[in-house]
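Chains here go by letter, A, B and C, matching the order in which they are written, and residues are numbered from 1 within each.
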Amino acid sequence: MKTTPPILVAKEITAGYGNQVIIRNINLELYKSTITTIIGPNGCGKSTFLKSISGIIDPVEGRILINDIEVTNLNTFELSKMGLGYVPQSENIFPSLSVIDNLKMGGYILDNQKYKINLNKVLEMFPDLKSKLFDSASNLSGGQRQMLALSRALMLDPKIIMLDEPTAGLSPVIVDEVLDNIISLKKSSITVLLVEQNAKKALSISDKGVVFSFGKKVMEDDAKNILKNKQISKLYLGG
Amino acid sequence: MDSILYFFIGFLIMSGIYSVFTVGLNIHWGQTGLFNIGIASFFLLGAYTAAIFSSPSPNLAKYEEYLWGGNFSQLTLLGVDIWFPIILLLSAFICILVAIPLAMVTIRLKEDYLALVTLGLAETLRIVFINETWLANGTRGMYSIPRPFDYINIGNYDYIYFVVVVITLIFVYFIAQKATNSPWGRVLRGIKDNETTMIASGKNVLKFKVEAFAFGAGIMGIGGALFTHGKRFIDPITFEPMLATFIIWSMLMVGGSGNNKGAIFGSFLMWGIWTFTQFLPGFLSDANLRFVFVGLIIILFQLYKPQGIIPAK
Amino acid sequence: MKKLDILLDNKILSLIIIVICLASFLKPWLLINGILIGSLYSLGSIGLSLIYGNLKFANMAHGDFMTLSSYIALTLMMFLFPNSENSTSVGPFTFKYELLMVMPLAVIIIGFMAVILDKLIFKKLRKLNATSAAIALCSLGLAVSIRGLIQFIWGTDSARFPRESKLFWDLPFRIKIPPDMFFCSVVAVIIAIIFYLVLFKTTLGKAIRATSDNPDLARITGINTDRIILYIWFIGGILAATAGILISVQQALITPVMGWKILIPLFAAVIVGGIGNPIGALIGGILIGITGELATGWINPSYKPAVYFFVLLIVLLLRPNGILGNKGRQF
């Protein structure tokens, strides 16, 4: 796997809010068609890391490269053109718009033809949304919201997609459904970076696992090894 | 030489009066974050309260139409004008009386609603005092308003009034400072910095805000009364927003919001600029350019120095 | 307790509605006047509501944008058409053809001015994460500066567009309509409808609403939110400018304080309709107009601004989220 160059490289990322630094010197490399899961206790900086990659917060230090192109100083809206998709944890849809308009916004930078192609592709992947297209997005259930959020991100054919706790607050059946969707993303050669509370389930579908603690990366290994690691499983995986 | 000195004393008196308003605004905005753009309403209420209560009954021969003059200026104790502090407190009291219900309606809502309501109140009060001539002589205004310690004769009365203003300002500064440093003041700053934490720690934030609004309004009322007895003439035009609201905002922005010393410093500085720019040559002395200047000061300080020249500790 | 609140508040609301209906029945000509004047308020408040709803602050300079547009239109007219004082006026209306020609120009100038002011001032404040009150305070400073500039350039006296006196239209029930007022109202309603279509039917409008909902998410989806905000300012400026010129035509008067004086009814209309709700602002403006005019049937007309203030207070007391409540469609 190491023979192909990484698709996303984050070098020495330090970031936070205002004067408060939350994550320090984090390095991470993502490879094509893999699923990487970040686990760690609450407040360890997982979401902050995703936000700093996507440019929602500007990193204090560090560099970000996508396909060897420097993107550190790009605006958030330009990153989506570089093939980086991001689904934040909460507030990840536009509640005052209809479902179809949410998807329309997802494909905001596409021309009309490409938009129609991608819309059909996404709706095939999430047929549940088809019947709700003209409903207000605020009326969707939790699972449907996650699907809408994911399909909104997929409208732009991202090469990399970052998902922040996509299963939070969902019932177990729906959690499995969402994880199945993530596996199918990998199959369509999308690189996935996942932040999960449901660490065991997430690691079981991942290639690689990363452990954060107090704003630092403390471990990075194959997902299988992390699942086997007794200490980690005691600390973060619930025994 | 004397005329320059008199002019300068007049300037100091006005700066001192404006300082009182700025300290009041500092309690609203600087300490608590209450957005009051109707300082003119409390200015007006304080000023008219003082004028009505201290003036003698109307003189029909002079076509004075107002119904009631309190004639408090006769109230002396051992030859000392005790009516003056009473009038100041009365003005403060009337302002507090108006401020409390107003705050209770709006403060529970979005923060900028208070701005709209105070703005509307200032305009409404002005219209009331223009139209209700029985109240305070309408557009002809109240004049020959009694002044305290008038009987002391040292040539220029302004010297005496200057001392009165300084003593009042020290008094206002003292209670404002006392309030700021009290536990009550600390809660207010907490509310300004992080309201949610304050609610979480069980503080009745609404009550504190209403109290702060009333307190600041009371101080503005004192400023209004001080203005009245200094100028001895007020009419509704006196309370146009430019000189009764906007300039006070620019004073606080310049001096440093959150800091009573800064507020007073800003008042002297801005009133100095306002007063002395009229001696500039040519079009530069145009009063309208001073409007532009006051507006720009508010904007530029918000953008580049939101803490003002003397920041809060 | 809550039930009592709702009951009480419905009672007061219904009482207000009954009073308004009764008053309109007694003096219907005031009702018609109110609707016509209200439609002009609507136009101003739609722009104000757009800025308030999307950029999340009360723009105190909105009124002065309106004033400035009238003065710019006046100057353009004097400069481009020095003979417009003697030219013919349009049909039954008092204004001249030349005004219709300079109006789009003045409106676009104000639109671009709003964009530039955003770049100079408001963009920086957003970067500083300023509170909405701090941003509103800056807009207040801007309002003061604009007014000072207007008075410096054009003086404090009132002015008017070149006009020709015309007869009012006499209708039954003592209803008299100045043709100008009718024209202005029709234009106001047409612009309000166009604006509604832009906002709800075009991709730009949807992007504006998306940005308003969640600016971070909008950026993530590839929307250049900085540019969207410029569009918001441009549209807001255009709406303010149009309203300003139409009000100057309808009043046959341009004064440096006209925009500032109208702020309270405009904000009242915005809050009545629910902040950020264009249809609400349209209805709110007309309701405010009707209330103000009807009140003049019984109380001294110079108290009209006080009436607007009391409407604002009552709305804040009973329906702080607007009469359409939270369910009203937001931008």
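Annotations
Heads up, the rule we're going with is that a residue touches a chain if its C-beta (ideal position, glycine included) is under 8 Å from a C-beta of that chain, and two chains touch if they have at least 3 such contacts.
None of these values were measured; they are calculated from a predicted model.
In terms of the distance between Cα centroids, chain A is separated most widely from B. Here the chain at the heart of the shown protein, by mean C-alpha position, is C. With centres set at the average Cα position, the gap from chain B to chain C is 31 Å.
Rounded to whole angstrom, the centroid-to-centroid distance between chain A and chain B, based on C-alpha atoms, equals 56 Å. If you average the CA atoms of chain A and of chain C, the two centres end up 43 Å from each other. Listing the residues of chain C that touch chain A in their complex gives 203, 206-207, 209-210, 212-214, 216-225, 329-331.
Residues 54-56, 75-78, 80-81, 86, 88, 91-97, 101, 104-106, 108-109, 152-153, 155-156 of chain A are the ones touching chain C in the complex. Residues 57-58, 60, 121, 124-125, 128, 130-134, 136-138, 140-149, 151-152, 156, 260-261, 263-264, 267, 271, 300, 302-303, 305-306, 308-310, 312-313, 316-317, 320 of chain C are the ones touching chain B in the complex. Across the complex, chain C is touched by residues 33, 35, 37, 105-106, 109-113, 115-117, 119-121, 123-124, 127-128, 130-131, 241-242, 246, 249-250, 286, 288-299, 302-303, 306 of chain B.
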